[in-house]
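What follows is subunit A paired twice: with subunit B in the first complex and subunit C in the second.
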Partner chain A sequence: MIAQATGFQVTDELRDTMRQWRTRFAVFGAVGVLATVAGLFLVSPNQFYRSWLWSYLFVVGLAAGSLAWLMVQYLTGGAWGVIIRRPAEAAARTLPLVLLLFIPIFIGIRNLYPWSHSDLVRADEFLRHKQPYLNVPFFTIRALIYLGGWCFLSWFFNRWSAIEDREGGQTPRRKMGALAGPGLIFFGLAVTFMATDWVLSIDPRWYSTMYGLLMIAGQALSSMAFLIAVIVFLAAHKPMVDVVTPRHLHDLGKLMFALVMLWAYFSFSQFLIIWAGNLPEEIPWYLVRLHGGWQWVGLAIVIGHFALPFALLLSRDLKRNFKLLRNIALFVLLMRVVDIYWEVAPDFLKGSFGLSWMDFTAVLGLVGIWLAYFLRQLEKRPLLPLHDPHLSEALEHGRE
Partner chain B sequence: MADDQQIVVEKPAPGEIIAPGYTFSTITDQISSVVLTRKTPLFWFAAFGFGGSLLMLFLLAVTVLLAKGVGIWGIRTPVMWGFAITNFVWWIGIGHAGTLISAILLLLNQSWRNSINRFAEAMTLFAVACAGMFPLLHMGRPWLFYWMMPYPNTMGIEPQFRSPLVWDVFAVSTYATVSLLFWFVGLMPDLGTLRDRTKNPIGRAIYGILAMGWRGSARHWSVYETATLLLAGLATPLVLSVHTVVSFDFTIAIVPGWHSTFFPPYFVAGAIYSGFAMVLALAIPLRSVYGLQGLITDKHLDNCGKIMLATGWIVAYAYMLELFGAWYGGNTYEQAAFWHRMTGPYAIQYWSLVACNIVAPQFLWFKRVRSSPVLLFIASIVVLVGMWLERFMIIVSSLAQDFLPSSWGIFQATRWDWATYLGTIGLFLFLFFLFVRALPMISIFEVRTLLPQAKVSKEGKR
Partner chain C sequence: MSEQGIYGVMAEFDNPSALVSAARAARAKGYRKLDAYSPFPIEELTDALHLHKNKLPLIVLAGGVIGGLTGFFLQYWIAVIYFPINIAGRPLNSWPSFIIITFELTILFASLSAVLGMMALCGLPMPYHPVFNVPRFSAASRNRFFLCIEAADPLFDPAQTSQFLGTLEPTEVSEVAH
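Let's turn to the complex of A and B:
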């Protein structure tokens, strides 16, 4: 086996291609971020922070979701995840950058969240009630706990993965397996409260116990779609061209299919329950999102985030077609962006639909920078874990 | 039981899902001998007798209920749902593990499921049967159950389609139908085996009829595989949908403590949690009585323990978020509901359910606990009790103390409540041990595929 002999290192040809893409993404990202920052000074600080927040949420989903996939894999074992392990590790290694990108949100707390204004809090009984939770110091500490915890987990799993590559043996796997369970519990709780803090507290009156799960499913879906796109990219080049087969793609496609359904299940359940209850403290969240032009975005999400990928991914042939599956994955990522915008923005633009040019530059800028950094991380390590106990099973599985 | 059919195999190595030394024929011998040749163990008579006596109690309770009306139960305004709906939710939840094992784990290529899917599916069927009793009896006039169905009638009335209770009728009846089909289709090859092996002419006729002409030809197998896959695909959404609809029974109402958006996945996780507890509670005694440790190995118990731990954590997450949501959401009634649960008349039940469902399962983190059948058995019973308490807590405490203090009331279970509940446990055990006696409790042909000799090499395939 040729690729195995070379240790699945990134070949020179692939490295060149990756560097080209890296430069493009970096330029794109820098331009986007600079333009957005220019908007901060020239146009509107409020708009800057809003655009940054929702774009940031998308990027967090890619990085933290990939970390979660690593932990799921170490917890459950099995060969399905071997193929995405290295891209997921690289995405998890971007978490320190994600931590840095939080700084503008920290600076903009007062622009984003009404509970940070003490005069508003004093005047509002609800906000007073929530003040022990919704206050600037505690909000910051919590954000540091989520992001710091993810960075720690990412560091831990990457460290032991590197040791596994160097030395092999049972120890790294055992270490990773032991932390995967508690790590997933931390991940679940962190995403839940992150969603409460960063998204729900924009409208501090509203709460839905489903929202954390919805965010978890959204992150799992966007990271899986992203990993599929990365795998298809890698599969066009050596060394992975000898490794990735339609069967591997089929398994990942099935996972994406399941997550599309899971997300829709969470999303619809939340909607149905709130719609049927029709309570004054709950229904406004949907009223805002189903009027003033937002309803068309909502409809686009129903179709593009669920119905279309659902119908397409039913097909077995399609899940085994590299290009088509990649295109669906990219489309799902696009719909994730739309969905996050639909969840975050209407609370700022009370009443009617709106979209600023800074929304575009922010999301393109953040995603561009993040992708450049991701590619930098990806080329550092062999593209397959050399001593993964399931490696041969995974390679064998692909050839059957 | 030292008769000729006793199969001697080595103890399976840890982590193995089948003991070494089995062959195709010894697997068939061992599983079919339970039904065909071996002397029925005393344990079976004891368990069957116990279930049968409780079933008699159930018949008595139902007779009295039909004669006197649902007033013999403790249901009074405001708690009109009482034990009946608690038991319904509990039983239907238990069934979910069977469907998860038979359908979802099949689609995920988890071959270890092959050794436990048969009796888990049987468990599903009987649990659904027990669950179905409660809404029917709770109606007071069970013979008018068909009014729940939308059918053209001279009264010119239709069920209220906006009510989740009507959705329940469809969800549960679909679930029962698909589960039955799945189970029966999966049984056919084994029924053929029993037909060919039994020496009893009546048995042969019955197994023969049920096997529907199964001859094991390549064509049969090919059709069979397609059918199983399709049924698995149909059954998979049912694992989620049935308990989701059950959770809508609560969430669609705006009663404090019921109207929480994450109830659907929370109920599904709780269902799987209690279902796996029941799988363990059944598998552990069965395998030691019938000497099946080579087929249902410690690895199976370990896996079930892990699934319990994982679903237990989802349930724990739900309890925690429920409290946080009540506080953060700022709805006074919601806050009062949870305060009442923790400190009110049902505080004992609340804290016992926390102990049973959250604290106790944490021992499952330890490999030593998961590899000890006795401890696992205890843990599964604790979880079953805890999940029943959870259903009770949600239903009764929220109804007992809702918006208006002047209309509060405490639910007091009567002996007929208990008689009906214990009676369905009897019904369950009675049916289950009947199944163990009459049908192969482990899927013979699927376990045979676990053997190394069943794996076709790549060269052999092409």
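Let's turn to the complex of A and C:
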């Protein structure tokens, strides 16, 4: 194959296209972030930190979810993941940036979380009881552990991947496999605690043991939809145009389909248990989200995040159609944004629906900056892992 | 028809890729009524024989939809119409708690439709099939691969079809009696 001879390097033509997109994303992102920061001074600090928090959760999902896909691939082997390995590695390499983007949340802890106010804690038996866990220093240390741990994992996987490209052999892969198991356990725990810390503690009285899993499914879905969109973009250019076939897309489409169902399953389980229990300390979370206009957002999520993608992805032909599958993936990403907003924002707005212009600028800004950095990382390495033990199997798999 | 006595012509291969390329060649030659036999599923064969389009997905979808409606309205009928009782002040039509059974019956009906629909479309159970008249055919469940072009095909001609199959490097070509 021609592409194999050139080592699947990013071609000059593709690099130019990627740089154009990078410039667009960077400009977009910079404008968005600057506008949001302007809002910090002009409108209200509270709104700035809220918009930043939920937008940040979406970006974390893309980066950390991609890292999780890498670890799943190293742990299970198989040919399906070879094609997404490089985009997932590039997304995992953005984790240091994601760590930096946490700084505004650290600064805004007091604007976001009621348990950080000592007068409120003193006055409330409940918060006093939770204080050994919910306090500013421990919150910050935990956040650093999640983000630092992911950066650490990403650094090792990318390092070994580079060694594999350079030298080949079984050793790098064996190391990746050995780290992927503990890495996934860490990932599962980190996302669960992260969800509790960053989202649930906005309302420190509410808890749900399902919420961590829901967040994991959401991150896995976000990142899979994102990786599908990236693969379809790459498949339109050399060298990947000779590699990616409908069968590869079919495999990824099936995974996205499964995750749409998994997310719906977790989401409904949480709702059903709380609805059936009907306990006064559990139901407020849903009461807030099912009244005052939020119920229409909830309905849009049921339809757009589950029913519609579920019905469409049943089709085999659709999963093998590059453009259609990419459009569904982008739509799923949009619904992920809506879902995160619906999960985070109602707690701040007590009772009625609200959406600030800063919510738009924050999400566009953060996603723009993140995408620009992602494309910068993506062009650094060949688009396929040259010495992956499953590479030839994956290429062969694509040919009918 | 003059070939009343023949069901078709069968070629035997000793490896799966020979079977797949033979099936492709036969399709390319214009044969449409052909079937392949193998001891294990070969994914490429499905593509080579263009077997992807059949009615089974529709049957399964219909089964799933019927199962879902059955599951939901079974509970709705009991809880709301036939035996309404007040449970902890909840509405009679407590749809969230119906969802689990609805989901289970969707899966149950869909999978039963898949099994039964597959059997119906394949014409199973089928105690007799002409291909069993080929003495070596029992090897199709061990280590041999067979491609049969049926006499019902408009292009079928016993001599020419046998000769064509002979060019595909089979280990043996034989006529299949009715």
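We adopt the following convention: the second predicted complex is superposed on the first by the 400 of 400 C-alpha atoms of A that agree within 3 Å, B and C clash if a C-alpha of one lies under 4 Å from a C-alpha of the other, contacts with A are read in each partner's own complex, and residues count from 1 in each chain.
Just so we're on the same page, contacts are C-beta pairs under 8 Å (C-beta built on N, C-alpha and C of every residue); 3 or more make two chains touch, one makes a residue touch a chain.
Because the structure is predicted, anything quoted here is derived from the model rather than measured.
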Touching partner for A:277 - first (subunit B), second (subunit C), both, neither: first
Subunit B versus subunit C as contact partner of A:316, first or second or both or neither: second
Which of subunit B and subunit C A:210 touches, first, second, both or neither: first
Partner chain(s) touched by A:385 [first = subunit B, second = subunit C, both, neither]: neither
Subunit A residues touched by each partner, larger count belonging to subunit B or subunit C: B
Doubly contacted residues of subunit A, that is, touched by subunit B and again by subunit C: 272, 276, 400
In the complex with subunit B, residue positions of subunit A that touch it: 126, 129-130, 133, 181, 185, 188-189, 192, 196, 205, 207-213, 265-266, 269-270, 272-274, 276-277, 279, 281, 399-400
Residues of subunit B touching subunit A in the complex: 162, 240, 244, 248, 251-252, 254, 259-265, 309, 313, 317-318, 321-322, 325, 328-331, 365, 458
Sites on subunit A touched by subunit C in the complex: 268, 271-272, 275-276, 278, 314, 316, 400
In the complex, subunit C residues that touch subunit A: 44, 47, 52, 57, 61, 88, 90, 96-97, 99-100
